[in-house]
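Naming follows writing order (A, B, C, D and E), and every chain is counted from residue 1.
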Amino acid sequence: MTHPANSSKKTSKGGWIFLLSGFVLALIVGWVIFPMVLYSKQSQPMNFNHLLHLDPEKVYGIEGDTRAEQCLYCHAFYEDGTFAGIPKVEKCIECHDDPENPLGELPEEMEFLVKYVAEEKEIPWLVYSEQPDCVYFSHIAHVKMGKLDCQTCHGDHDKTEKLPVYQENRLTGYSILIWGKNIAGYKKNTWDRMKMDDCAECHTKKGHEENNACFVCHK
Amino acid sequence: MELSRRNFIKFVAGGAAGTALSPLPWKLTDDIAIWTQNWPWVPDPSTGEFTNVNSVCNLCPGGCGISVRKVDTRAVKIDGRTDYPVNPGGICPLGMGGLQLLYNKTIRYPGPMRRIGPKGKGEFVMITWDEALDILAKRISNLRKKGMPEAVAAVDGNQRMSTMSVMVERLLTSVGSPNYVTTPSIDDTYLISNLLLQGTDGPMSYDLENADYVLSFGCGLLEGWGAPGRVMNAWGLWHDSAGKTRAKIVQVESRASNTASKADRWVASRPGTDAALALGLAHVIIKNGLYNSRFINNFSFGFENWTSADGKDHVGFKSMVLDKYSPDQVAKITGLNPEDIVSLAKDFARAKAPIAIYGKGKDDLDGGVYECMAVHILNALVGNINKPGGVLINDPLPLSRLPEIKQDAIFKQGLGKPRIDQAGSLQYPFAGSLINNLTNKIIKSPKSPVDTILIFSANPVYTLPDGGAFKEALEKIPFVISFSPFRDETSYMADLVLPDHTYLEKMVDVVWPTGLQYPFYGLSKPVVEPLYNTRNSGDVIIELSKRIDSTVQSAFPWENFEGVLKARAKGLFKAGGLVTYDNMNPAWERKKYGNGSKHNYTSFEEMWTKIKAGGLWYQPVHGFDGWEGLFKTPDRKFEFFSKRVQLAVDEYAGKTTYKTALKNMGITVTGDQVCMPHYEAVSSDVNMSAYPLRMMPYEMINLASGWIPSPPFLYKTIFDNQLKGDLSFAAVNPKTATEYGLKQGDRVIIKSPAGEVEAGLSLSDGAMPGIVYLPLGFGHTAYDEFLRGKGVNPNEIIDAEKDPLSGHSVWWNTHVNLVRI
Amino acid sequence: MLPFCFEWLWGIDHIIFFGLLYLALVIIGLGLTFVGIKTFLQVVGILWEKDM
Amino acid sequence: MDSVLIPAGVKRCSLKLFLLWTLPWLGLLAWGALSAFLCLWKGLNQTNMTNYFAFAVWIVFDLSVIALGAGAFFTGFLTYIIGKKELKDIINIAVIIGFICYSGAVAMLGIDIGQPIRGWFIFWHANVHSMLTEVSFCITCYLVVLIIEYVPIILANRKLDEVPDFHLFGNNLHRIMAVFAATGVFLSFFHQGSLGGMYGVMYARPFAFREGFYVWPWTFFLFILSAIASGPSFLILCTKLVQGITRKKLVPEKAFQTLAKISGWLLASYMILKIADTLGWIYGVIPKAGMTFMDFFSEGPYGVWLLICEIIIFGIIPAVILLIPKARQHQGWLITGCLMNCTGIVLNRFVLTIVTLAIPVMPFDKFVSYLPTWQEWGISLALIGFGVLVVSLSYRYLPVFPKEAELNPVAE
Amino acid sequence: MKKGHDQGKHKYGMVIDLDKCTGCGTCMVACAAENNVSVRPDESDKQRSIAWMLLYKIDNGKEFPDTETSYFPRPCMHCDDNPPCVSVCPATATKIDYNTGIVSQIYTRCIGCRYCIAACPYHARTFNWWDGYFPKGKGLDRYLSPEVSPRMRGVVEKCSFCHHRLMRAKDQAYAEGRKELKEGEYITACAEACPAQAISFGDLNNPGHKVSRLSKSPFAFRILEKLGTNPKVYYLSTKDWVRKMADNYLPGEFKPVSKASASADKKTTLQGG
C-alpha cells in the first residue's frame, strides 16, 4: 500500500513543538509544583530560641562542656537509658518556675508561662525529626557510646533563634527532614536526610556493620 | 498547526518523557509504599517515660505480686514480681491479660447506672453518684423505718476476711440484717473440717514446697487451685533439674486434667468417692501399722474404741475403718484395683514428708466436709501436722477487730430474726452462709423475703452451680444493686449499678491466699488513675452509711477506705512481720528469722508506707514446735471422733427425732460413724434410665470461670477442640461415644433435670467412661463480642444436691443424657 | 538493587545475579533504541530508503 | 462496520456475532474484577488461604500458565535461533499466548501478595538468594520482551499499518526479533527453573526438597524441561481450538507435527528424569528426614494415585502418543496427547504446591484441608476470560496467521 | 553464601523444660501482650489466628486411664546458620543476625508473599489476614506497647525473641556505662512470665549461662533436628514418648536416652471408671 509521503512529513514537522512543550511542562510540574503540593506547612505552637538558651551570657545554668552535653541538659536521658526527646514542661519549670514573673522580657516566655505553665498543659510541639513507628533509634548508643555529635543528624538546630516551619508529607505523614528538603533526595550535609541509607552509610563508614541487624533499627 | 490527534499524541509522549525525568513518579512510588507502612488506621502507640509500678494482682484470691510497666500514664504490660513471696517470678495467664479488662471500655461501666430496659437486657442510663447513693440510701432507711431491715440482703464475692468483705458484713449488721451471704469457696469446707477435727479457726495451710509426696484429692494444682502463682512455682520446684530426686505428685481425679496428666501417678477413681479412697488408704496404713503412734496415742481422740462419761461404749475410728473400708470394699466404690490402693497407701505412709491435700478443681466452689475430713485424717495418721511438708496449723491473720457497732432497736429486732438461708440453724449448724438455700427460699415463697439485695465482687447469675436458679430469684427481688465494674450477667439484672474500680485502679487487700502455709497480707495500689467515673466500693459503703442514718453512719467512723485498711492493719504491726521480700530467703524455708522478727520498721506509719510500697506483709513459715496445746477441740486433741458434730446432732435430735435430724442434715449413716469422717454415697432420686450419664464441669487455668471475665488474650490459648466458633465442646470417652452412636465433632444436646445445653462432642481418652465433661468459663450472655455467646455454661444444667453437715451444694453429680442433633 | 544502595554487596552472588539481569536489560534497551532511532531517521528520510 | 480494521483478504464473522461471543468472557473478567477489588480492598481474608496453606489455587494457576506459556519462548527459540521455517506460521499465536499467560500470571501475583503497593521491594531490596526474586525479575523482563514481540503484530493491523512511522517501527522491530527472542529464551530458562527451584530449596519441607547442582535443586531443571515439553503441546491445543471455532485451516499441518514431535521427545526425556528424581527422593530425601514414602500419601485425598496419574497416565502415555508418527498424525490422538501432556504438567505443579503444604512435617502437627473461595476462583478464571478475549481480538483484527488468506481464499 | 554462625559473638537461645511445663498458656498470653499481637473476636480459627508462641497439646495415644498428655510450647526456633525462611524471602524482609542468632522480621519491608511461611516446617510464621482489631471507642489500643510496632494487614510476623528487650537491656547497660550484658538482663517475655520457671533464656555461646548447660543435658532435644534447621530452641523431657514426638523416626531409629529416663517415663495410673 502507498500514500503521499509528504503529507505525513508536514504534520510530523510541526508536531515537534508539541513534543517539546509537553516535555517542558512535565518537567516544571515534576520539579516545582509537585513538591509544593506534596508537603503541608504548619508553624509550631510557639517559638523557642535555642541560641538564646545556649548563650551563657544571657542564660545561666545550662551547663555542659561539649555541645552535646549542653543539648542533653534539656533533651535528657531517662534512668533506663531511653531518650526524653523534646523536654516536657516540667523540665522548663525547673527554671521558669514562677508563672507570675518571667526570667526574661521576651513575649514568647510570657506566652509560655500563661498558656502552659499556669495551665499545666504540655506544649504540642511538632517534631522535625520524628521517625515512623517502625523505627527504633537508641540515642544513648549513638551519643554516649558512639560519641556522636547531635548536629550530625540534627544539624545546627542549637544555633537557631526561630523555630523553622514544620513541613509534613501529606501522603506519608513524615516530616520533610526525613526525605530531606531536596526533592531529588540529594544531600550535602550528614543531617540533610534521615533515611535508612543514611543510617547505614554512617554505620559502614564507622565500621559498625556488626550493628546492621534489622532489629537494631526496626522494632 | 492544529492540535491534531497525532500532535496530541506527541504532546503526551513528550509529557511522559518529561515526567520520567522528574522526581514525581519515583518519589510518589516511594511515598505510596511508605503510606502502606503506616496506614492511618493502624495504631501508633505513643511513647514516653517508662516506669514499673509494683502492685498485687486481685483477679483471684491468689494474691500474686505484679509489676506493671507503664509509658507515661498508660499501662502497657503486666509482669510477675521476683521480689514477692507468693509467686517468685511468674503469674498466671489471667493475670497476664489484666490490661484488657482495664482498657476494654465496652465491658466496663463508665459510671453509676440506672436500669431503663427490662431486667437482663442491660439497658441503662448514666446517673450521678449523688443520685445513685440517694436512691439506695432512701430505700434502706425506709426498710429500717418500716422495721424490716432483714429485707436487705447482700451477696459478697470478696475474699473471706478481706477488708472489703468485713465492710459489707458490717454494713448489713449495722443496718440490722442477718442476711449477709457469701459466694461459695472451698475455704468454707476447710474451715468446717479444721474446726471439727482440730478445733482451730485458722486457714488451711499446706506446706507444699517442702513436701516430697503430694497426694492430691481433686485439687486442680495446675488448673488454678489455691494461689496459682504459688502452686505452679512449687510445681517447678518439685520437678527441678532432671536427675535429682524430685517430689512425687499423685492426682486423684476422674479426668486427665493437666494436673492428672502431668502428675507422676494418676488415680482415676470415680467422682465423689474421695472419702472412701482416703479411708481405704487409712485402712491399709492402720492395718500395716504405718501410722505415727506417738501422735495417735498422745494427741488424738477417738482412734481406738472408747467409753464416754455416761458409760456408753463407742466405736473408734480404727475399728470403723478396718471394718468398713478394706481395699476390696473401697475398690468396689471407687472402681480402682485393691492392689493399687494398697501400694498407694504404702507409698504415702513411707514417704519422708507426705501430704494429702483436698480440693475440687480451682476451689471457686464448695467441697464435701466429710470428704475433706477423711483426706485430712491421712495427714494425722502419718503425723504430718505442723511439720515441714505437712499441714500447718496457723492462727488467723492478726488483723485488728473493728470497733463494736452501736446497737439500736431496729438493729436488735432485725438481727433477732433467723437468717433466710438457715445457716447456723440446727439443721445447718456449721455453715457460715448458704446461698443455695437463700435462692430456693426466694423462689419458693410467693413474695420474696428479700426486698433489696446488694451484690459485691460477684457474678452469681453466671458462677453459681444452680441451674439458673439465682437468676430466677433476682427476677423476684424488687430491687437489685450491683457493685461490679464489669457489664456482667448479674449486673444486667440490677436496677442500680454502682461500679467499683478495677483492681488496677484501687487499693485493696489480699488476706491469706488459700492453702498458703505462712501468714500473708497483700495490698494492691492504684496503678493508673481511674479511667471512668467509678468509685472504690469501700468508699461507697462509707458514703452510703452517712446517707442512711446516724446509727449506721456511726458504724463507719473512717473518712475513706484506706482508713479502714489501716485500722485493721494495726494488728499486723503488733504481730510484727516482714514488709520486704528477698527471694534468696524463700518464705517457705525455715530460716534465720523466726516468726517474722527482725523487721525493718519502727512505727506503724512506717510499716504502712512500706506495705503500700511493697504491697506485702508476711511472716516466714514457722518451725515445728511440737503438738502440745495445738488443738482447740473440746478435749484439746485431734478428734477422729468429732464431739462438736455429736453435740450438734444431739441438740437437733432434741428438737425433733434422731432420725429426722440425721435425715435433714443429709446424713445416711447412724451411730458413731456420724461423728467420724466417712463415705456418703451421693443420694439422688433422678431416673437413671432417662439420665444414664453424669456431667462434670471442669476448669482451666487459661479460662476465667469466676466473676472476673476472661481477657480476650486467653482465647488464643483455648484449643479448637474446646471452642470452635461459638460452639464449645464436651469431652467424652470414645467408648461412651460409640455406645451412643456418636462421633468426634457431633453436635449434641446435653439434657439434665435442670435444663439442657447444646455442645459439640470431643472424644478424649482422658475422659472417664460414662461421664460428660463440660468446660467452665464459656457461655457468657453479657460482656462484648469477645465473650458473648461463645459456648455454653455448664452451671445452667447443674442439678445440685446438698452436702451432709454443711448443706453446701454438691455440684459434681449431675445426671444427664446425650441427644444427637 | 543499585550499587549505591547500602544493601548492595560486592559479593560474587550479587555480581552474577545482577550482572546477568542488567545485561538482559541492556540488550533489550539497546534493541529498542536502535529500532527507535532507525525508524526516526527513516521517517525524516535522512538515511535508509523507506522499504515500503 | 469495523471492516476497515479487519485484515485484508480474510473473512470474519459479523460484529454482532463477535460481540455476542465476547459476552461470557467479559462475564468472567467482571467476576475477576470484583474478586480482585475485594481482595485488594479488604485484604486476603477474602480467600480461604491459611497459615497452613500460604500458597494455594492462585499459585497453582500461576505455575501452570507459566509452564504452558513456555510455548512462546520455545517456539521463538526454534524459529529465530534454530531457524525452523515452518514455525513462522505459528509464531504469532505463540507470542500472543505467551503474552496472555505471563501478563495474567503477573497480575495474579500482584493480588496474591499481601502488600501489592510494596511489590517493587522485590526489585529494590532484592535478596539474590531467593528463587522468588529470580522468578520475579525474569518474569517481568520477559513480559517486556513478549510485549516487544507482540507490538509488530499489533502494528500490522491494517489501519495502524497505514501510519508510516508505525509501519517502519514495526518492520524494524521485526527485523531484529532474533535478538529479543534470544534474550527471552535466556530469561525464560531462568524463571522456569527458578519456579521449580522455589520448591526444591525448601529443605525443611521434605516433600519438596531436592538435592541439586550448585545452587540449583533438580526441580530447577525439571521445571525447565517440563515447561518446554508442555508449552508446544499447549500451543497446538490452542491453535487447534481456534481452528475448530473458526472452522478454518489457519496453520499448515507441518508446523503442528514439528511441534508435536519436539514436545513428545522433550516429554519423554522429562519423564525419564522425573522418574529418576522421584526415586532419588524416595531413597534419599525422605529417609534422611526420618519419614517413609507413605507418610506423604496417606493424608486426606492425597494418595499415591497422584503420582500414578502424574507420571504414568499423564506422562508416559502422552509421550508415547506424541512420539509415534502414526498416532500424532491422527488429529484425535494428537489432541488427546497434547491434552494429557498439559494435564500432567498442571498436575505436577498442583502436587508440588498443595501437597507440599498440606502434609504436616511435625509429628504432633495435624492435617488441614483447604477449598478456594469464589473470590479465588474468580481471579483464576478471569485469566481464561482474558486469554480468550485477547486471542479473539487479535484473530479478528490482526494478521495473526500469515497463511490464513492463502489457505482460505476468499471469493471476491 | 552459607555463613556459619561460629564467628558470631552471642547465640541467644531458649531451653524449655517440658517436665515443668504445666500447659497453662501464660507464655502465649505474655508473648501476645508484650508484642502487640492482634486479638480478634474469634480466635478459634487456629489456622488464621496469630500466635508467636503456640502451645501444642500431645498425648501418648493410650486409652483411659493410661492416656497421658503433655505440651510443646513452640516459639520461633530461630534456626541457626541458614534458616529455611531467610534465604527464600525475596525482599530481604527477614534476616538472621549472626552476632545474636536472632532471626528478625521487618513488617514494613515484608510484601506478604508468604514464601517464608511455606518454607517453615514449624508453622512459626503467621500472616496478618486482617488489620489489627481495634474498633473505635473500644479503647483496646491503650495497652499497646510502643516498643513493638503494630503490624498492618498483609504482612508476615513471627516470634522475635523479644529483640526489643535486648535493645532495652542494652540502653540500660549503656546508661550504666557498660557495654556487655549480664545473664538475665535480656530474657524473653515468655521466659519471664512462666510461673513454673520452665523456660530459660540466655546465650548458648556462653558456657556460664544456664541455657548452655541445660542444652547439653542428656534429656535435651530439638524439634525436627534431622532436617538440619539447627534450631536454637531446646527442650528437656525425661519422658521418651515426649522426646519421640519431636522428630520423625524410621522404625527402630529412636533411641531412649537412658534407664533413668525409662523409669521416669513409666507413669503408673490406677484403673478406674
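Everything that follows uses one rule, which is that a residue touches a chain if its C-beta (ideal position, glycine included) is under 8 Å from a C-beta of that chain, and two chains touch if they have at least 3 such contacts.
A quick note: this is a predicted structure, and the numbers were derived from the prediction, not measured.
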Shared interface partners, meaning chains that touch chain C and chain E: A, D
Fewest touching-chain hops separating chain D from chain E: 1
Chain at the geometric heart of the assembly (C-alpha centres): E
Which two chains share the largest set of C-beta contact pairs: B-E
Longest centre-to-centre distance from chain B, chain (CA-based): C
Whole-Å gap between the CA centroids of chain B and chain D: 65
Computed distance of Cα centres, chain D from chain C, in Å: 27
Inter-chain centre distance, chain A versus chain E - centres from mean C-alpha coordinates, in Å: 39
Whole-Å gap between the CA centroids of chain A and chain B: 56
Junction residues of chain D, two or more chains touched: 115, 118, 121, 125-126, 129, 164-165
Touching two or more other chains - residue numbers and ranges from chain C: 5, 7, 13, 43, 50, 52
For chain B, residues contacting two or more additional chains: 32, 35-38, 44-45
Touch list for chain A against partner chain B, complex: 11-12, 14-27, 29-31, 34-35, 38, 78, 80, 82, 84, 132-134, 169, 171-174, 179, 183-185
Complex contact set, residues of chain A against chain E: 77, 79-82, 132-134, 136, 138, 140-141, 144-145, 210, 213-216, 218-219
Residues of chain E touching chain A in the complex: 9, 94-95, 97, 99-100, 102, 104-109, 146-150, 160, 163-164, 166-168, 170-175, 179
Of all residues in chain B, those that touch chain E in their complex: 36-39, 41-48, 69, 71, 74-80, 87, 89-93, 96-97, 99-100, 102-106, 222, 228-229, 232-233, 235-236, 239-240, 242-243, 254, 256, 258, 261-262, 264-270, 334-337, 340-341, 344, 531, 701-702, 711-720, 723-725, 733, 735, 764-770, 784-786
List of chain D residues in touch with chain C within their complex: 123-126, 128-129, 134, 137, 141, 144-145, 148, 164-165, 167-169, 171-173, 176, 179-180, 183, 186-187, 190
